[in-house]
Amino acid sequence: MVPITTLHYLVVAAALFVLGVIGVLTRRNVVIVLMSIELILNAVNLNLVAFSRLYGLHGQVFAIFVITDAAAEAAVGLGILIAFFRNKETVNVDEVDLLKW
Amino acid sequence: MLDDVTSYLKSDTTPGQAGNFLWAFIYILLIFLGLSVAVIAMNWLERKILAHMQVRLGPMRVGPHGLLQPIADAIKLLIKEDIMPSESDPFVFWTAPLIVVLTAFTVFIVVPFGPTHAVTDMNIGVLFMLGVSSLSVLGVVMAGWASNSHYPLMGALRSSAQMVSYEIAMGLAVISAVLMTSLNQSGTGTLSMIGIVQAQEAQATWFVFKFFPLGLIAFFVFAVAMVAETNRAPFDLPEAESELTAGFHTEYSGFRWSLFFLAEYSAMIAVSSIAVTLWLGGWLHPFPHWLSGETWDLVFSLFPGLTFVFLAGLTFYSVARMPKHPYFRVQTMGLAGFGAVLGLIGLALFAPPVRDRVQDIYWFAAKVAGFMYLYIWYRGTFPRYRFDQLMTVGWKILLPIGLGVLIVTAILGVVL
Amino acid sequence: MQPVATTFFFYFLAAVTVLSGVLVITRRNPVHSALALILALLGQAGLYLMLYAPFVAGVQIILYAGGIMVLFLFVIMLVSIEKSQKEEQFNNMWIVGLLAALALGALFIGVYVKGRDLFAGREVALPEQSNTQQIAILLYGNYMFAFEIASLLLLVAIIGAVVMAKKRI
Amino acid sequence: MADATKNVSHLELGDTDKTFLDSNELIINMGPQHPATHGVLRVILRLDGEKVLGTECVIGYLHRGVEKIAENRTYAMFNPYVDRMDYVAAVSNGLGYCEAVEKLLNLEAPPRANYIRVILTELNRLASHMLWLGTHALDIGAITPLFYTFRDREEILKIFEKYCGARLTTHAFRIGGCLYETYEGFEQDVTKFLKFVTPKIDEYEELLTTNRIWVERTRNVGMLSAKDCIALGVTGPVLRASGVKWDLRKAQPYAAYPDFEFEIPTGQNGDTYDRYLVRMQEMRQSLRIIEQAVGKIPEGPIMAKVPKVIKPPVGEIYHSIEAPKGELGYFIVSDGSTQPYRVRVRPPSFVNLQALEQMVRGQLVADVIAVIGTLDIVLGEVDR
């Protein structure tokens, strides 16, 4: 069997990234769009951790920072979502077409 | 195959570390069985102890002194109709109890019952335990949401808020214990469960008594937070029966409900194991450094056998006190048989090869049992907190205390 | 600990992760999506473990699966999902989005095919036993400033989330 | 989840027909099958998260038409029915009714009967308060007091059983006095019980009074000012806990109460904790009354001269006594026949329950439970 190399992990990460991008670009539900963004961030993380096997632990440290970022993003994003839902009673991104109301 | 069996028995690592699949599997089975037995025993003991605290007898009918009651309950739960609310989300409703029970059991992979008695020893053991046990929130939230009913929803919201906020205090207390492992030496701190106990052995003190009273305070914070984490009295708001009927599992019945029950008790055992490992010296017997030497080792290794023989004696005393009416003949015989089994186990535990291997597990289990008794005791004596008070306790009392202990521990660790 | 059956576990975890990822973006019910995402995250934590990054794996479980996803579930429970479930799930330009994403995927494939040899055989064995210590040293040494900024970012995020979600401040 | 509100729109609790998050309102049906509503009370709660915006009590699940039944029964025949109203304090109910009819007939029970009445009524007050304490503590989450109080209440019920053969719905008194003479050893039994129960009350207090969680759960919960109490007609321990020194046993003495010394415990804040303390004190005062009464039960007849057929003169009468839960009044209109023309009962629980809305608005769900417990309602009495 082929030994598992870094490339294998990169392919998985790329697949996740593409899935995330598809989710962001095609879905209308904000919650699922936010989840797709999480997928993208995770793909990046996987890349970073995979590369840390080549270049030392810095990648893992970066992954931790990315997770921190993801937490902040989720909190603010979901906060915006709740505010939006309260005003519009919908969770469709298509309806978010005003900067102010 | 045979090689696998013997090689582990002689080794001094856990089967997971040695890559010994066979023994790892055996340990998983043993833990699963042991947990199930422990939960059944805990069920009976809780009802009995609580009953005696409340001047009543508790289960007395099914088997002598109600010993078969948990089994009768289990059978009842298994053959009970499994109701699923028609408006519920079937998939989520179905998976929620599975998630809860899986997380509750998975945690036990890293619990060290002895220096070699664990499925594996991860070097992120504590982190793994906290992380996996935090996953059970998901199951609770899903159960509450999928039931599509108000009481479960409120129970789930309360429960998740409570578990997420107490996790922080818990984490801080855990970190201060982890910091203690690396003191007096440079950079040898560890997150491994076995490593933590070994550090206590090496530093000749349980971490409760380390930097007195810092260790004690951290232990106290953890002991409070762990009760809240497992949703037990006085923090049992998510399933407060006088307010929310049964909280997030109101709509569950039969087998699925029993999964929640199983998960609750295994989670109690799991957090108690963390507490025992981090602060109470894990598998070490009391005062491992004052009372060392061959004589003391012998004395302590006799404890498991003595306990079982004592229990057998207690059982035979009960047999003697059974009413002499023919109606009770079967019960008396059953109780005597139970006592005989306990006595035999006790005698087997006196055998030298067995007692050396079992001793670690015995001390660990004994300490955990102490915590289990505390849980029951709390339930018997405390009223229930209100939700805002619960949050106050979590965020305004435990969190600052935990932070303070953490900081002081870190400073002391550098200074000393 | 020497890894056992690496190949099998890699393919298994990769399959779990990617399939769950597919489920995330195709499910109608956001709760099911969230559950799939949790599964993907757990699979990824397994992949981290295989990459000798136990600490990141632990953080992934405790923060992502146990923290962020609970937040997601919370919000999904608060917003009405029944209405959104009945609506059209994909936006008008979904075909464009899909094509763009696929083009991106093709780009990745191209790059990887071309640079395949760059990676092979260069893996260094990382010290797994002291992984946590190493990360801590980096985090509180080299990346001290970034660490502080991250904490500040979290503080801002807390305030932002409160401001956004609270009805009356 | 959001559509869960759509099923309850007929309740007309304001405009709730919005999405769950936008209106932030959640309607919860507490009861009639709920462990903490003390029977079949149904409270519809309008919630904002955990905060109570409003309540609506739906009562009547236990309505048996007691007042209507009275119109088709003779005065003596109706007597047992009143026991079924507040079944926890059946003796007090009987006392109130018997005294009301006696007043209507213009006769008085002999002193010995009055003493027996006082002893039994006070025992019943103890029993009622014990049951209240147990269930109240259970609602707040302390399970153990329930078993302690039930253990001790059992002794009271045993005395009742020995005296009149019934434990709960005793029908102990008759119009004009008592039917039964005290049994052999009645006084010893009561004295023994007093000795037994005094330390037990200390035990309850030990479990709860200084318990931090108990104090936090009850202090400043369900506040009711004296003014509100009077405006709402609230009586009994709830009124006294708000600082109003009003006890019918002192204010309008009946039976043998003028002969005894006792105090009216009052609170200051009118919160749940004060009500708890007041009731605990009342239990001790009851013991004091029983202690005084039991030593000096006068000799003599136990029944006044009551005609075989009770035919009160035309007229109306209102008589009220201090039942364990508050002022229990009977308004009886007689048309001169053997049956009352109308009997109207003023049940303390029913009137006290009115205060629920006032007490829980703006508080949390858990407080609703505490407040229902502290009001000490018995649904048999609320619905009649």
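Order of writing sets the chain letters: A, B, C and D. Residues in each chain are counted from 1.
Rule of thumb we're sticking to: a residue touches a chain if its C-beta (ideal position, glycine included) is under 8 Å from a C-beta of that chain, and two chains touch if they have at least 3 such contacts.
Note that the coordinates shown come from a computational prediction; the quantities given were computed from them, not determined experimentally.
Asker: Looking at chain pairs A-C and B-C, which one is connected by more C-beta pairs in contact?
Answerer: It is A-C, judged by the count of C-beta pairs in contact.
Asker: Looking at mean CA positions, which chain is nearest the middle of everything shown?
Answerer: B
Asker: With centres defined by CA atoms only, which chain is the most remote from chain C?
Answerer: D
Asker: Approximately how many whole Å separate the CA-defined centres of chain A and chain C?
Answerer: Taking the average C-alpha coordinate of chain A and of chain C, the gap between them is 6 Å.
Asker: Taking each chain's centre as the mean of its CA atoms, how far is chain C from chain D in angstrom?
Answerer: 61
Asker: Can you work out the whole-Å distance between the CA centroids of chain B and chain C?
Answerer: 31
Asker: Considering chain B alone, which of its residues make contact with at least two other chains?
Answerer: Within chain B, the residues that touch at least two other chains are 145, 153.
Asker: Can you pull out the residues of chain D that are in contact with at least two other chains?
Answerer: Correct list: 1, 19, 21.
Asker: Hunt down the residues of chain A that sit against at least two other chains at once, touch-wise.
Answerer: 82, 85-86, 89
Asker: Chain D touches which residues of chain B in the complex?
Answerer: 50, 53-56, 145, 148-151, 153-154, 158, 233-234, 236-237, 240-243, 245, 379-389
Asker: Write out the stretch or stretches of chain A touching chain C in their complex.
Answerer: Its residues touching chain C are 1-12, 14-29, 31-32, 34-36, 38-39, 42, 45-46, 49-50, 52-54, 56-58, 60-61, 63-65, 67-76, 78-83, 85-86, 89-94.
Asker: Enumerate the contact residues on chain C facing chain A in the complex.
Answerer: Against chain A, the touching part of chain C is residues 6-7, 10, 14, 17-18, 21-22, 24-25, 27, 30, 33-34, 37, 40-41, 44, 47-48, 50-53, 55-56, 59-60, 63-64, 67-68, 71-72, 74-76, 78-81, 83-84, 87-94, 96-98, 100-102, 104-105, 108-109, 112, 116, 119-124, 126, 131, 134-135, 138-139, 142-143, 146, 150, 153-154, 156-158, 160-165, 167.
Asker: If you look only at chain C, which of its residues touch chain B in the complex?
Answerer: 1-2, 4, 29, 31-32, 35, 38, 54-55, 57-59, 61-62, 65-67, 69-70, 73-74, 76-77, 128-129, 131-133
Asker: Which residues of chain B touch chain C in their complex?
Answerer: 16-17, 19, 21, 89, 91-92, 95, 120, 122-124, 127-128, 130-132, 134-135, 137-138, 141-142, 144-146, 153, 156-157, 160, 164, 167, 187, 189, 191
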